[in-house]
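Quick one: this structure, given as structure tokens, is what I'll be asking you about.
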Amino acid sequence: MERFRMLFQHFQSSSESVMNGICLLLAAVTVKLYSSFDFNCPCLARYNALYGLGLLLAPPLALFLCGLLANRQSAVMVEEWCRPAGHRRKDPGIIRYMCSSVLQRALAAPLVWILLALLDGKCFICAFSSSVDPEKFLDFANMTPSQVQQFLAKVPCKEDELVRDSPARKAVSRYLRCLSQAIGWSLTLLLIIAAFLARCLRPCFDQTVFLQRRYWSNYVDLEQKLFDETCCEHARDFAHRCVLHFFASMQSELRARGLRRDTTGKN
Amino acid sequence: MERFRMLFQHFQSSSESVMNGICLLLAAVTVKLYSSFDFNCPCLARYNALYGLGLLLAPPLALFLCGLLANRQSAVMVEEWCRPAGHRRKDPGIIRYMCSSVLQRALAAPLVWILLALLDGKCFICAFSSSVDPEKFLDFANMTPSQVQQFLAKVPCKEDELVRDSPARKAVSRYLRCLSQAIGWSLTLLLIIAAFLARCLRPCFDQTVFLQRRYWSNYVDLEQKLFDETCCEHARDFAHRCVLHFFASMQSELRARGLRRDTTGKN
Amino acid sequence: MERFRMLFQHFQSSSESVMNGICLLLAAVTVKLYSSFDFNCPCLARYNALYGLGLLLAPPLALFLCGLLANRQSAVMVEEWCRPAGHRRKDPGIIRYMCSSVLQRALAAPLVWILLALLDGKCFICAFSSSVDPEKFLDFANMTPSQVQQFLAKVPCKEDELVRDSPARKAVSRYLRCLSQAIGWSLTLLLIIAAFLARCLRPCFDQTVFLQRRYWSNYVDLEQKLFDETCCEHARDFAHRCVLHFFASMQSELRARGLRRDTTGKN
């Protein structure tokens, strides 16, 4: 049990590592979710862009909000923001620090989904196959514009009768996938460079202020946890006394009937 | 044994975490249940909608009631509601708090089922394939309306002779699945936004009242648990004394017959 | 628990082994990433070189920055560099030592990607198929220069109608892949020789200085970790006292209502 308590205390003291764990877990769930999701483009000119962009952007929004919900600190932050100012000064810097820390962790999973979708390319092909410039490909020379539009809408559906084994479909699909991957890699690079600058150049500016804010945000979190625990302890204590009070009257009833326990009994 | 007692006490003190655990377990069971369920559309015009909607809505109802049954607090709530008012005031706010907490946890598993079914799309295709507007698809141009109806009813059955390898079946099925997924993702987003608002904006309104209700709902739960335990303890104590009383009379009977144990005996 | 604590302390004390672990992990992730990545050359003369070189160089850049981000010591190094000089002298040698140690570990994953890509050859064929000198191959004798250019751009796409089953495509592809593998193996040899010289000849020069720098870089890292832990400890202590203060006033209220615990009670 000592072991559990120590583990528990470790989790209590280092909420940051727990939050990082949650953040990694959500990212892993995202990868699993994406790979098990059955992507299915409608191949109807009107719905393609809606469906493709929807799948590129709606799940990340859901994951972002999930990330905020799963993070204990987002609630702690709002409470700290709304609490009446007592003896402890309300410092907007602490709230800003908590906010940025919560946002960073909540953004991990959505970005994983978007990057996966871009590197995979299916969403992108579905969304933009109708917007491709047919001039780029030599295969559309002997088609009317309406035929070209119908053909382009069917590009994401490999198995469709109209486009099966068509070299033009493969060329358009290849072009769009390569564009999607290029955007995906550029986005990855940009994000990593931004993270790198934020992490590695920060110590050159306001390191002391940063450390103080981190300390206080940690403190606010710990105070809430201890308050909850002490409340629970208190409730149990109170309930214990009430129940004993109830049984004390029963005990006296038993004693009246001569069935009371000996004061020298072993049990 | 000390270890078990500590673990038990930990579970006792934090019923919320236990309930969350049950809620997660039910959701996981739901996913397993859905993935192992053999969906099998009748493909008869009259029964399709009934079967599809039935499978979309009946299991969630069962799971909802299971969620209520599995949650200890739903029984505690009813008892708190029905108890005679003694020295402790009956606060409808506490009952409302318990009710909302129980409902939230019981709704998790049904929602998981509904979202899985919508994202998978099979139920939706089975239920609504007959209601599709044939004007949207070019493939039905040379069919009579009754033929179209018969064809649409067969859409969910890939292997049926009438629709096997038909591009029209694939187009209708693709359209319905994409609609189903769109509804599923919209529902997910709506639910998550609602949860987000409820969780993150609550501290701005009635935080003190909320904390008090949480404390009291916790207290009611603990009081019942302690009462049950003390009852058990008390009953055992009483039974022990009664049994000893019985044997005490036997002992005196034995002594009277001269068969009492030697004071120097080995056993 | 003692076991966990020992493990934890081991990780704490020997950050080098943790960093080596991270470095190995990143390299393994790189291999997995490369093998699961769906390489897809556009086969359009203008985009080929861009896409091929992009995939040869952009992911390694991303991995390099990831390696810097994942390494705790890169932040420690910047902090050591920017800290105001106090009683402890700021030695540029220590910062140089940390920098080189961080760089070495961050370079592992990018090099793995580049070597994999070169030994595999797909990126290289995609990037340079248009730059091949057609004089080297006899198969282009009866083609116009523009036809040759179009043919060469299609070389990376095996399945394309224009080049399917063409012996010329196979010859060009074979030539480029063999060139790519030769560059890959040469690079591997060079890197291993450089690592060998650096590791095995270093003790002949400035071993004492090197050991001192290693000791100090380790010290700086440990100091930061201990500071963080002590901050946490301090916050918990403070929060504990504040919460107890709040409940102390409640306790006196209970006592006033006659429900106080006996001072001699065991529970």
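The letters A, B and C name the chains in turn, as written, and every chain counts its residues from 1.
By definition in this document, contacts are C-beta pairs under 8 Å (C-beta built on N, C-alpha and C of every residue); 3 or more make two chains touch, one makes a residue touch a chain.
No experiment lies behind these values; they were computed from the predicted model shown.
Ranking all chains by how far their C-alpha centres lie from the centre of chain B, first place goes to C. Put simply, the chain nearest the middle, going by average C-alpha positions, is A. At the interface between chain A and chain B, two copies of one sequence, fewer than half of the residue numbers in use are shared by both copies.
On superposing C-alpha atoms, the copy chain B sits rotated by 85° relative to chain C, to the nearest 5.
Taking each chain's centre as the mean of its C-alpha atoms, chain A lies 24 Å from chain B. Spacing of chain B relative to chain C, judged by their CA centroids, is 44 angstrom.
Shared interface positions of chain A, defined as residues touching 2 or more other chains, are 238, 240. Chain contact summary for the complex, chain A toward chain C: residues 2-3, 6-7, 12-14, 119-121, 136, 167, 170-171, 174-175, 177-178, 181-182, 185-186, 188-189, 192-193, 195-196, 199-201, 203-204, 207, 211, 214-215, 218-219, 222-223, 226-227, 230, 234, 237-238, 240-241.
Every residue of chain A that touches chain B in the complex is listed here, in rising order: 1, 4-5, 37-38, 40-44, 47, 50-51, 54-55, 58-59, 61-62, 65-66, 68-69, 74-75, 78-79, 81-83, 157, 159-161, 231-233, 235-236, 238-240, 242-244, 246-247, 250, 254, 259, 261, 267.
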